[in-house]
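Chain nomenclature is as follows: A, B, C and D, assigned in order of appearance, with residue numbering initiated at 1 for each chain independently.
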Amino acid sequence: MTTKFAGIIPPLCTPFHADFTVDTSSLRRHIGMQLDAGVHGLFALGSSSEVAFLPDAQRRAVLETTVATAAGRVPVLAGCIDMTTLRVAEHVRTAEALGADAVVVTAPFYTRTHVAEVERHFRLLHEMTALPVFAYDIPVAVHTKLDPAMVLRLAEDGVLAGLKDSSGDEAGFRRIVLAKRERGLDSFAVFTGSELVVDAALAMGADGAVPGLGNVDPAGYVALYEYALAGNFEAARREQERLFQLYDITTAAPPERMGRGSAGLGAFKAAMKMRGFIDDAVLAPPQLPLDAGELGLIERKLAEAGLI
Amino acid sequence: MTTKFAGIIPPLCTPFHADFTVDTSSLRRHIGMQLDAGVHGLFALGSSSEVAFLPDAQRRAVLETTVATAAGRVPVLAGCIDMTTLRVAEHVRTAEALGADAVVVTAPFYTRTHVAEVERHFRLLHEMTALPVFAYDIPVAVHTKLDPAMVLRLAEDGVLAGLKDSSGDEAGFRRIVLAKRERGLDSFAVFTGSELVVDAALAMGADGAVPGLGNVDPAGYVALYEYALAGNFEAARREQERLFQLYDITTAAPPERMGRGSAGLGAFKAAMKMRGFIDDAVLAPPQLPLDAGELGLIERKLAEAGLI
Amino acid sequence: MTTKFAGIIPPLCTPFHADFTVDTSSLRRHIGMQLDAGVHGLFALGSSSEVAFLPDAQRRAVLETTVATAAGRVPVLAGCIDMTTLRVAEHVRTAEALGADAVVVTAPFYTRTHVAEVERHFRLLHEMTALPVFAYDIPVAVHTKLDPAMVLRLAEDGVLAGLKDSSGDEAGFRRIVLAKRERGLDSFAVFTGSELVVDAALAMGADGAVPGLGNVDPAGYVALYEYALAGNFEAARREQERLFQLYDITTAAPPERMGRGSAGLGAFKAAMKMRGFIDDAVLAPPQLPLDAGELGLIERKLAEAGLI
Amino acid sequence: MTTKFAGIIPPLCTPFHADFTVDTSSLRRHIGMQLDAGVHGLFALGSSSEVAFLPDAQRRAVLETTVATAAGRVPVLAGCIDMTTLRVAEHVRTAEALGADAVVVTAPFYTRTHVAEVERHFRLLHEMTALPVFAYDIPVAVHTKLDPAMVLRLAEDGVLAGLKDSSGDEAGFRRIVLAKRERGLDSFAVFTGSELVVDAALAMGADGAVPGLGNVDPAGYVALYEYALAGNFEAARREQERLFQLYDITTAAPPERMGRGSAGLGAFKAAMKMRGFIDDAVLAPPQLPLDAGELGLIERKLAEAGLI
């Protein structure tokens, strides 16, 4: 009666060579570290992967490497991030060809859309693929919040296999979780992307989490999940609080200097490099690099946390 | 001392077959109608083209057909609409290969960006191409307003060849126009995308306009431009007011029923079909089609305007 | 070492006569019901009181009645809701004169403000009053989110005695709670206004909650709080889930028909009337009244919940 | 067949003493300067007056002084700026008592409202006063854009006597102006608050403008209006361009340092002091004062413009 997809599914960051091609060797090492830590799935080509910065060839390299390295031990979810249905459909076909276990799709963006059109978008994509389709609710990127009633309708109709909720709306998330339980939607997998309140989401009944910070400390999130699964929410809370402190690395670069995207992803990749997961922390353009002072702050934070 | 790019440059709508491949025959006919009306350039793959809905192969078909049909009589600007630098760069290379005369680029989207990163984006793209680069200011789509000081800095440095301003901020637009004049940036071409106040923009000193409604009534906008060029702003105003009334076709479908994107583009394409410019008014998914009542309203409007 | 302010502090709704003067008899009865249910404080003139709709004379009537009815048994917090410092200051003086135990103040609104000005606003108001000052973080009303670093700075400087966080940003709320603990800000009282995730907020370490729905079911929120205080978060969760279902009354009136303010407050007041707390459910203008069908839905919900 | 209200109606800034009471002597002198320059009306207690910062007693002082100084030579419009109907109603009664010629009212704010409630707001206020009611469209302050169809409905029903449009949506403004002409709403007065495109608004058919910058250079706006009235739009454009340059004073203080409200009003008041219109440039709290460098920039701009 459990969902196939559950637990900690990190949205993998993408290590690059200096020319912005994927450093597949580092990516394999990074995935190995995640699997060793006990993660329950891998989310390739999510927002943390810099999917918005990756040309299609690089997206393919990421997904191929991820599927090959997972080697069936855990499911691989593939982000199919593009503006509207026909463009997303091409990414879905690639995900099928490369062996992903599920696809993850946002609301349309760039265009001024409407809930009826968002619903049609998911229905059309479900019709064209046998893969499970996850809805990805990320208004900070696509500027549309998924309507909870629509998500539930699509879950009941078997269109959606799951939800990754990165909207930051914890009450709206809880509405989905409660409705799932009431309506017996056992196979509908509900994941939070709110990496700073995972303990609360699990206590509410979420199936798992997709934490960007898991790239840096996968063992922490796995421990948090196992505590929650065992009903030890006090230990889960303490683990989340520890991870909350660690998250401060994402504000090493101040908002006056660069976007919150590059500050956060730059910090994750710098920390991954410092921990030996990847060789280089380069970000795709036009993102700006962290400077020496910012990197120093991150290094201190990691040392304090006992991670280096 | 005038810019190479000036006048009315319609952002071409893209006619489709039922399977959403480009109806190149209709597109050629439509372009012919635009050229016959005297337009001064063609903007392929702008927002009105449903560029956000077109897979790359269809984008290529549109641009190939546009360049071939223009046959050098007027310049062709190619929209290179994608999320960030490396993805845009691939569209720029395609535009070069297919013979476009300029490329048109927005701020990064999907990612949370920063003015320093937006500026880096334009600089990197300029470095990689010999084509003139136009900045496309369209916050309704990309959710970032271009900073006027940055636009002017890039114009002075020769990074930007022009601006298409669809921000709706007429005071900000005027700031650019006035600074262009003061600083002697003669070759920097400033176009408004605010199709309902083109007379005002031309009076302020704009080089031209990129009106979506020009797909339906190119002769109207050409007349408006010529009146303004001749200093007859009273006639320009009357022409704009006539076109303003015609623009009501874009609200035939109410906001409760569909997105403002599909209501507007659906109306343009329906009107283009009624005028015989294209064979079919189909919209790419997940946009919703207009219904019979809405099409009837549009037909009446066109008849009242003497356009059918 | 505990804060003076803790527990469940409902933001009291304001019962009106038909002429929109305060029905003080109903208000006394309503407050009596709250006190009988065991609430730990009363928040008069918060957003749920229709404070934005109350002329100053009616605000005074509300606060006088609340202070008199509380009679020192629980502290009374008084909302001092106005656009900027000098106008708020007048409400603060009234609150002092009428015997409130604390004042609750938002960021400036109507004006385009800045974090340095928001900080100055709180500092100036603290300087002029001996009453404890609570910051009220409610961006949905004032369109400015309070900066967590500023809130903490003001807490450390003794400017702020507490925070009522109705921002819906649970991660930001947790940042405050954790910093309070780390920095030993024991007397700084941190309340959530997110009435649907109170169990999670208390688990994180919040001092209490200010739930609008507490007007309808104060005993539920008091039970929830006591479960949490006893460390029984499983029971707290079940109670919160029950209250979550009850909250559906706030969507009886659909968004097409009226504002989310009047739909929510109209539902609260209708339920309060059905439970016998107040005589009439009238809303201040220009809010629209619920219709018979909507009231029927609310009645069914209350009956299902065993509240009538 | 013309409206009673037409021409340049400056939204008067409010000079203060050091204790933030109204410096009525300076206000009289300032109004005298405006009248000498030929303005066609006075808007007291608009946003530029710091109405959001003024306690009711100071609002009364402003309005009394304005009505007395105008002495019937030009009409006085009184801003009645508050959150909702009953609070606005009290300001309307004061305006009546003090002899204002019209009242100016925004959409409700602080509360989450709805177009049906906004419409009810204006209708209720119109019912309670014999004074002409102007709608004040200022989404930057109240976070609701007035619906053009609603504005026109209220104009046709005689509820609204006019509109002051500070929304920055010039196409929406033009829709109102054109509909006014088509429907013969001759007595409905349409004013733009977009002080940088007044020439364009007058060319479109606006009845006048309410320019904040008119506090600094009333003669400029009066000249602009007279050129437009005479059909000399070329001269109007040149005058507007001159005023556009002068408007740069509002960015002397950068956005990192203070809110755009205080930067703009601080600049206006500093310039008014430099021109001898008022004695002191103090701003009400919590706004921050301009520093010496910023004041120097403003002084240079005024000198360049020949205004000091």
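The criterion applied here is as follows: a contact is a pair of C-beta atoms (placed from the backbone, for glycine too) under 8 Å apart; a residue touches a chain by one contact, two chains touch by 3 or more.
In UniProt terms the chains read A, B, C, D = Dihydrodipicolinate synthase family protein.
Note that the structure is a prediction, hence the values are computed from the model and not measured.
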- Note on the structure: Touching chain C and chain D alike are none
- Message: If you average the CA coordinates per chain, which chain's centre is most distant from that of chain C?
- Response: B
- Task: Just give me the whole-number Å value for how far the CA centre of chain A lies from that of chain D.
- Result: 49
- Message: With centres defined as the mean C-alpha position, give me the chain B-chain D separation in Å.
- Response: 35
- So which stretches of chain D touch two or more other chains? none
- Query: So how do the chains connect up here, line, ring, star, complete, or something else (other)?
  - Reply: ring
- Message: Run through the chains and report each pair that touches.
- Response: A-B, A-C, B-D, C-D
- Query: What residues of chain B sit close enough to touch chain D in their complex?
  - Reply: 168-171, 174-175, 178, 194, 196-197, 199-200, 203-204, 233, 237, 241, 244-245
- Note on the structure: In the complex, the residues of chain D that touch chain C are 20, 47, 52-55, 58, 81, 83-87, 89-90, 108-114, 116-118, 120-121, 124, 140-143, 255, 257-262, 284-288
